[in-house]
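Listed after this line are the structures, all set down as structure tokens.
Next, two complexes with subunit A in common: one pairs it with subunit B, the other with subunit C.
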Partner chain A sequence: MSAFTSIKLFHHDSSSLKPAELYADLSKLDVTTAELSWQPYIEKKIKSLESAGTSQDDWPEHLHWDWSQLRRDTQSKLAHQWYGIKCDGKWQGLMVLETALHRARIGADKGKHLVYINYLASAPWNLAEFVEAPVYGLIGTIFVRVAIELSFNLEFKGRIGLHALTQSEGFYRDICGMTDVGPGQEYSQSKLRYFEMTKDQAEDFVREEKQ
Partner chain B sequence: MAIKKQMTLNLTDAEMNVLELLCEKKELSKTALIRQAIKLYQLVDDRMENGDKLIFENIKKKEKLELKVL
Partner chain C sequence: MNIHLSDDWLMRKAKIEGKTSVGAGHPPIESVDQQKPKTKMTLPASSTDKLVCEEAQTLDDSAPGIDAQSKQ
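Up next is the complex of A and B:
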């Protein structure tokens, strides 16, 4: 992994901010370490869904994400960038961004480049769907901010887009202020809803973050 | 931030015209646009080396067109 940036996560138990590190360009070892530490929680969740008789179609999609395979697929690709957040010596979240294949679909900037959030996940112990008392918060917000920063650096003016997991739709719409464009459409056959942040929305997000 | 290296690029008038038109259309500097082109070229080339085809699909017209790169 490369040099890190100091950030702060919200520690739910103490209701305080705790120092953490944001890393870019994660190594194979980083990704494997994160995956191995998350696996027991994911396996436990899968077992509980199986015993409840929940159809696999209704399982949260991120239970199937294979981070090691994703890293192999995107290795050495200039269009893909990996980020990770570490705190307490553990990987608290991972994100993969893609910067070449997606274009804005809404507003005056339709057809212009944007940063697409391919994958974004918090460690299972930070999610209410896995544990009764999640440990850290703000991971999603920090990653969205990182995607916006990269978008500005690439001259995309802050534009970002993503297909949201069902349980995360409210976060992107209400917390991040992104536009809910709807399911699938044009570039994707996905059933997941597509969300986009325009340059104005990106500026609003950054402004509110600073306050 | 990665260390950047400088280079001189020699283009014909036609190539420069296309570059400038694309820069205007996408609201990008020439450097940013060329960076995008390199990323896309790498992705496409890797896929084709793995035996994948490059296909353009128009969902509205229900048309598919394979771009043959031989």
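Up next is the complex of A and C:
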């Protein structure tokens, strides 16, 4: 785990901002620690879905994610970068970015490099589908901002792309202002839709910070 | 990475975001299969001490020779 950047998360209960840390280059231990703390909530959710007889096809996609395995799969790949947000001594969210394999599909920059958000997840205690009273907000917004910043740093002009979880499509389309490109073609067994942020959309997202 | 987000901006975003779910990703198994080149290690029937590693378009268990498959 490298040095952190100070950020703030929104604490729903007190409707106030709380200091947090953004880390890059997460270690195996960081990822395992996050996974272990999230696991009880995920197992509880799986049990409730099973008892309700919900088909696995309708389960949230990220219930199946094996973060430790993903960390092993990407550890020797320079194009993958891991980020995490920590607050109250707990990992509140994880994100994996990929910077070499994906290209823009829309707009004037079609075919040019972008930063692809391979995985992005908030801790289950921050999600309404897991708990009645989510603890922290802004994890997704801050991670999207980090992806845009990396895109600027790599001279990709802010372009980013991702496959949104079904329950999160509204977040990327309505809150982040990304374009819903449609069902992702490369993951044929998946129902996930692909979203992209163009150079202009990224500039709008960043410009809002100064208003 | 230097990101300076003002409290005003964060509070505005928090109000818009509410308790909306966030999450992005794709099926891990399929993505790993896509990123790893499929290779096929073959021990030719005429030789017992030489391993040939070649990139294969498909993995075909019915091919002649003693085959060992590897994901690497």
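What we mean here is this: the second predicted complex is superposed on the first by the 203 of 211 C-alpha atoms of A that agree within 3 Å, B and C clash if a C-alpha of one lies under 4 Å from a C-alpha of the other, contacts with A are read in each partner's own complex, and residues count from 1 in each chain.
Here, contacts are C-beta pairs under 8 Å (C-beta built on N, C-alpha and C of every residue); 3 or more make two chains touch, one makes a residue touch a chain.
The structure displayed is predicted, hence computed values, not measured ones.
> Let me test your reading of the model: by the given contact rule, A:117 touches which partner, first (subunit B), second (subunit C), both or neither?
Touch status of A:117: second partner only.
> Looking at the overlay, what does A:100 touch: subunit B (first), subunit C (second), both, or neither?
Once the two structures are laid over each other on A, A:100 reaches subunit B alone.
> A:50 contacts which: subunit B (first), subunit C (second), both, neither?
Touch status of A:50: no partner.
> Does the superposition put A:192 against subunit B (first), subunit C (second), both, or neither?
Touch partner of A:192: subunit C, not subunit B.
> More residues of subunit A are touched by which partner: subunit B or subunit C?
Touching more residues of subunit A than the other partner does is C.
> Look at A:22 in the shared chain and tell me whether it touches subunit B only, subunit C only, both, or neither; answer first, second, both or neither.
second
> Touching A:78 in the superposition: subunit B (first), subunit C (second), both, neither?
The first partner, subunit B, only.
> On the A-aligned overlay, A:7 touches which partner chain: subunit B = first, subunit C = second, or both, or neither?
A:7: touches subunit C, not subunit B.
> With the two structures laid over each other on chain A, which partner does A:154 touch: subunit B (first), subunit C (second), both, or neither?
The answer is first: A:154 touches subunit B but not subunit C.
> So subunit A touches subunit B in one structure and subunit C in the other; where do those two contact lists coincide?
77, 101, 186
> Would you mind writing out the residues of subunit A in touch with subunit B in their complex?
Residue list for subunit A touching subunit B: 77-79, 99-101, 109, 111-113, 154-155, 157, 186.
> Given the complex with subunit A, which residues does subunit C contribute to the contact?
Contacts found on subunit C: 1-3, 5-7, 9-14, 16-28, 30-32, 34-35.
> Flag every residue of subunit B that touches subunit A in the complex, lowest number first.
So the residues of subunit B touching subunit A come out as 25-29, 32, 35-36, 38-40, 42-43, 46, 59.
> Please give the residue numbers of subunit A that touch subunit C in the complex, ascending.
Residues 5, 7-8, 10, 12, 17, 22, 24, 60-62, 64-66, 69-70, 73, 77, 101, 117-122, 127-129, 134, 137-143, 145-146, 149-150, 153, 162-165, 167-168, 170-172, 175, 184, 186-187, 189-190, 192, 208-209, 211.
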